[in-house]
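Several structures are given next for inspection.
Presented sequentially are two complexes of chain A, the first with chain B as partner and the second with chain C.
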Partner chain A sequence: MTERQPSAARRRFLGDNPERLGWLFVVPALALVIIFRIVPLIWGFGTSFTDYNGMVAPRFIGLANYASLTHDPVFMDSIVNMLILLATLPIWIGLPLVLAILIHQGVPGGKLFRAVYFFPAVLSSVIVGAIFNMLLRYDGSFNAMLKGIGLSPVDWLGNSSTALFSLIAVQLWATFGMSLLIFLAGLSTVPSDMLEAAKLDGAKLMATWWYIVIPSIRPIIEFAAVVTTIGMLTSMFGLIYVLTAGGPGTSTTLPEFLIWLEQGRMNRPGYASAISMVLFAMMAGLAFIQIRIMSRNASL
Partner chain B sequence: MTLTRRALCAGTMLAAAFAVSVGVASADTTLTVWDWKSGDPTTQPYFDAVKKDFEAAHPGVTVKYVMQPHDQYYTLLGTAISAGQGPDVVLLHGGSQTKERTGALVKLDDNIADIKGRIAGWPEFTGADGDAYAVPISIQGFAVYYNKDLWQKAGLDPNKTPKNWADLEAVCAALKKAGTTCFALGNKEGFGADFFLSAVAANGWTAAQQEAWTKGDLKWSSPEVKAIVDAWVATKGAGWYAEGANSTAKFMDEYESFERGENANTIGLISDVAHWMEFDDFLGADKVGVYVMPPVAGGDGSLKLPLAGGIGYGVTNFSPNKDLAIALAKSFADTPHMQVFFESAGAIPADTKVDTSKVESPSAKQILAWLADGVPLAHNNMSTAETEEWHRQSQLLFTGETTVDKALARMDEVQAQAKKK
Partner chain C sequence: MAAVETRQKRLLAVIALPMALLALSAVYPVFFTINAALKTRKGFVLDRFGLATDATFANFGQAWNQSRLSEYFTNSVVVTIGAVLALLLISSFAGYALAILRFRGSKIVFAIILVSLMIPVQVVLVPFYRTMIALDLINSRAGLVIAYTAFFLPFSVYLMTAFYARLPRELFEAAQIDGAGLVQIWWHIMLPMGKPALLTLGILNTLYCWNDVLISLLVLQDKRTLMVGIAALRGEYTTNVPLLAAGIVLAAAPIVLIYIVFQRQIVSGIAVGAVKG
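Right after this comes the complex of A and B.
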């Protein structure tokens, strides 16, 4: 058996340095990140210090955009909405985790459930929005059902006290399948001998979950938490756009929706950049804390 | 070796594609037109006629329509303007949508002398400097359409339309008694509140007050405006609308419910959508009536239709072919084209020379008769920031989370800030 040798031309180009080959593989991804992430980020940072309106040349106004953010009630409401959204994180992690453990432990029809739960994750948010628009509108099917069982209908999307939670519930429905799959992958790494040993020792179901399953997939849970948090803050736009348009009032206006509103409809890219920077700083902070926790556990 | 060959193939193909596209661009001129209408079957004959005639008159020029989604139109346009590239000719709404974008548009004054007298609706497309920035193609206005059958069932005379607010209250009370919702209302995006404000203000405010409103001198908390906002809340309290207005889209859920006969009145348009032609199609021309919304207070007793230049075509100042683009914008307002626009889409054209004598719909005849003497559309003269905040406050007034006074105080703040610029 002869080992395949690289051609002379390729050897000339790469030399015998495997590191150089490694760089070659990394460069396309790196270029994409730099062109589409890093450059716009720096650009946006610069724009946030200007009064740019998209038409005439921007003028440097220092921190004025950031100062007006502090007394913009719409921005403040969007931050409060964001915090409410973040407070629901345990549900976004807990629900798929419990379902994943149940499927992993072999409930009847587990494979079917896995497919069914994952199915909404392949739908675009606009389609999900259109479906739930029909279900949740005042004269929609959900209220018809409520009326059928003698309850009074609720304007789920037109009422400030229910609109944000309706939106969160729909987004949760649409995306928890992805976390479920991540957890299932993680659960397959839980050593089965440990589970069996626990069983033989007479450990109860909950004890097995609490002392064996969850600690073994803790890094996976933390990973899912980071990914879910970022998803919550950056990919609700489609749903908001279709279901509530940010209303009633500001009750479903999240920072990302406000950025879009200020940038295009209000012709204030400078101000929108300032909101983007605040959102970026918050997310970077959150991600930093979560990654710190992850690496602390990794070194355990 | 296969890898190298593949890379070479891909490179050659890319280079070829680039060469082809460059070749086409240099041999031909393409004028890109942005709008939110060209894909609509009812307006298709109009857009086709403009394209055909313009391309025939200008050999080597291709007119390319790019239809954008209506509710994202200004966001996308804002992005194109920021980037300084994209469309040569853009469709715009009259009023603040055009006036806030004059910085990105070409002044048309030297080029429109020949059509200025024939076309109506210029003020909505005129910037603060007094120059025109777009050629109007339609007249917009708010009329109240009503379902004569439902009126009759409620014991109302379908030929006796309300002349003042008390009349209208009596109409709604009679309809409510008969179990019919008085007005269709969709306020999910806040458009329902815009229409209400403009329709009710139209005959309640004097010309001087309308002007003060445009300048930002007539405050939201002034009695004239407060009366309308009070009425917005009071009419909800009196049960004029179906539940769920905050989650109903005005376009088109509101109008569809009117067409299904679920409610008796709706504040509609006179352009090419939510208008007499559409309602005639669904309910029958003899079953659709139209009247002007009476003011809640003020006015001299006359009822004039709130009117303004509807939509129009402007030329972007980054267009590489400005002269051609201006010619195209004007071509949209040619009388033969306007005639097609009126006949196929039912839009009231900006061109006063269009022959409307053949129209048979009773509502259309009534609207055409009102056109000679109109009053301004208040919401057209609000800044975008005010409009957005009014959308929010109007919803909160419906959910009861704010009071009229609090909402007006907030609106005053936004108005002062927006009009200060």
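Right after this comes the complex of A and C.
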């Protein structure tokens, strides 16, 4: 220790007592988390049972906000859109899983594929949204290409029957490389003699995958499924904001975007909080599943 | 057996073809954007897909100056640097306290931080906004730094705590026997030993802060960060695609650069998170 020794009094205050210094060192983290996450969550939970409108003092109305949610067509639409999105989960897992196994089994150029597939995942959702807005608008370049090969153009973003699927496809394009990396990390922990043994048996490629590779990384697949689902519930905002703004109508409005719209209106925080609590309940359910997977894997 | 091997090799080579097409689709939109940014407005209307033959950098200049991207760029740089430094400092403090010092109550503190990992910003959007107003942090870059720090902190604290917990405890005990104070141990041992984890966190948090749009929209209203500026540019210049494309390239360039330089850290950071759960 080359620097000047601190005075004895200062050292006694800061340096020698693990109890005191421990608390001192977690105070910044703890304060930020409590002020900006825990207290707002509790406030939101309480407010969701009131008729608070931002001006007059709130009145307790029990579950009335939650009851009116079920009659709110916009909210119900956002839930239906979310269920459609969740139903596509097998593609979000299957596509990167197949690609990861192929790369792991030594497809020529595998390292390059990994780097290229992952690349869109580092781009901001705003960048991705702005790029695909140029491509997918009615007068955009994708339709120009379709016309070029003699197909009729489609209003990918402006038509309520295609907008949600366009949004899902773009998000899949932007994020499948993330799951691919997760699967590759999992595959690298599978003992390679297991795979070699399968080859010696003359097992067919497909059979090797189904009976050996996939079961051996099942915990990783479950983990990726939970992480992907959490992403579906909470990471779509930027893309919706730039690509479709929730429209046309409510066709691409997901719960997280609806919360944003309600927040912007500022006139019924009680009601907006009830939507938030529904989203939180789903997040908590997923977190519960995730913790169970993690603790089960820890005991393996 | 050798026949099986060669057949599998041939099969994999055939499969590489559709994989290459998919790889092309992963980079083509990006190539299209760069190409469009180099075209004049007229040149783009005449030919969207062809290579920009008379490449012009005028769009970049116009986006940078007239569309105020330079101002948004500065805001993003200042806020990202501020938030990343705060995140590294605070999570290194907390990781040291939770993993090494292990004071009474540290388990509860760690549990609170883990629980807050599961509270996304959307869930607390309304009360969070009110908190920001009450603390007079709306419309200030310092406010956005604090907001980013608060929202990206739980993951950073979790990672630093896990990292420090794997360090051999003898390191800490030996330094204590040598008479080093606890603050000195943090400065001289924990901070240098934590470098790999701090580097990963620095890169990941830079991506998160630079790419964020939701928190920025909420906190900065008159000023804009780059991503909010790009979103607005998209609305204002729907007919001038090359200008918009130039803005997109300028906004994505720093991240692409970071990806190229730190690809290994980014990839291993995500992999470690996955395998360790």
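Observations
Throughout what follows, the second predicted complex is superposed on the first by the 242 of 300 C-alpha atoms of A that agree within 3 Å, B and C clash if a C-alpha of one lies under 4 Å from a C-alpha of the other, contacts with A are read in each partner's own complex, and residues count from 1 in each chain.
Methods note: a contact is a pair of C-beta atoms (placed from the backbone, for glycine too) under 8 Å apart; a residue touches a chain by one contact, two chains touch by 3 or more.
Worth saying up front: this structure is predicted, and the values here are computed from it rather than measured.
Within the superposed three-chain model, A:Tyr138 lies in touch with chain B and out of touch with chain C [touch as defined at top].
Look at A:Leu157: by the touch rule set out above, it reaches chain B but stays clear of chain C.
Contacts of A:Ala57 after superposition on the shared chain: neither chain B nor chain C is touched. Of the two partner chains placed by superposition, chain B and chain C are both touched by A:Pro269. Contacts of A:Trp23 after superposition: chain C is touched, whereas chain B is not reached. Comparing chain C and chain B on the residues of chain A they touch gives the larger count to C.
In the superposition on chain A, A:Trp260 makes contact with both chain B and chain C.
Applying the stated contact rule after C-alpha superposition, one finds that A:Gly249 touches chain B and leaves chain C untouched.
Annotation: chain A residues 137, 260, 263, 269 touch chain B in one complex and chain C in the other. Contact residues of chain C toward chain A in the complex are 1, 4-5, 8-9, 11-13, 15-16, 19-20, 22-23, 25-27, 29-30, 32-33, 36, 48-49, 90-91, 93-94, 96-98, 101-106, 109, 112-113, 115-116, 118-120, 122-131, 146-147, 149-151, 153-154, 157, 180-184, 186, 188, 207, 210-214, 217-218, 227-228, 230-231, 233-234, 238, 241, 244-245, 247-248, 251-252, 255-256, 258-259, 263, 266-267, 270-272, 274-275, 277. On the side of chain A, the complex with chain B involves touching residues 7, 9, 52-56, 73-74, 136-139, 153, 155-160, 244-245, 247-250, 260-261, 263-267, 269.
Those residues of chain B that touch chain A in the shared complex are 1, 4, 72, 74-79, 81-82, 100-101, 103-104, 188-190, 242-248, 253, 384-385, 388-389, 391-393, 395-396, 398-399, 401-402, 410.
In the complex of the two chains, the chain A residues touching chain C come out as 1, 6, 11, 14-26, 28-30, 32-41, 43-44, 47, 99, 102, 105-109, 112-120, 122-127, 129-135, 137, 141, 144-145, 173, 177-178, 181-182, 184-186, 189, 199-200, 202, 205, 220, 223-224, 233-234, 237-238, 241-242, 255-256, 259-260, 262-263, 269, 272-273, 276-277, 279-280, 283-284, 287, 293-294, 297-298.
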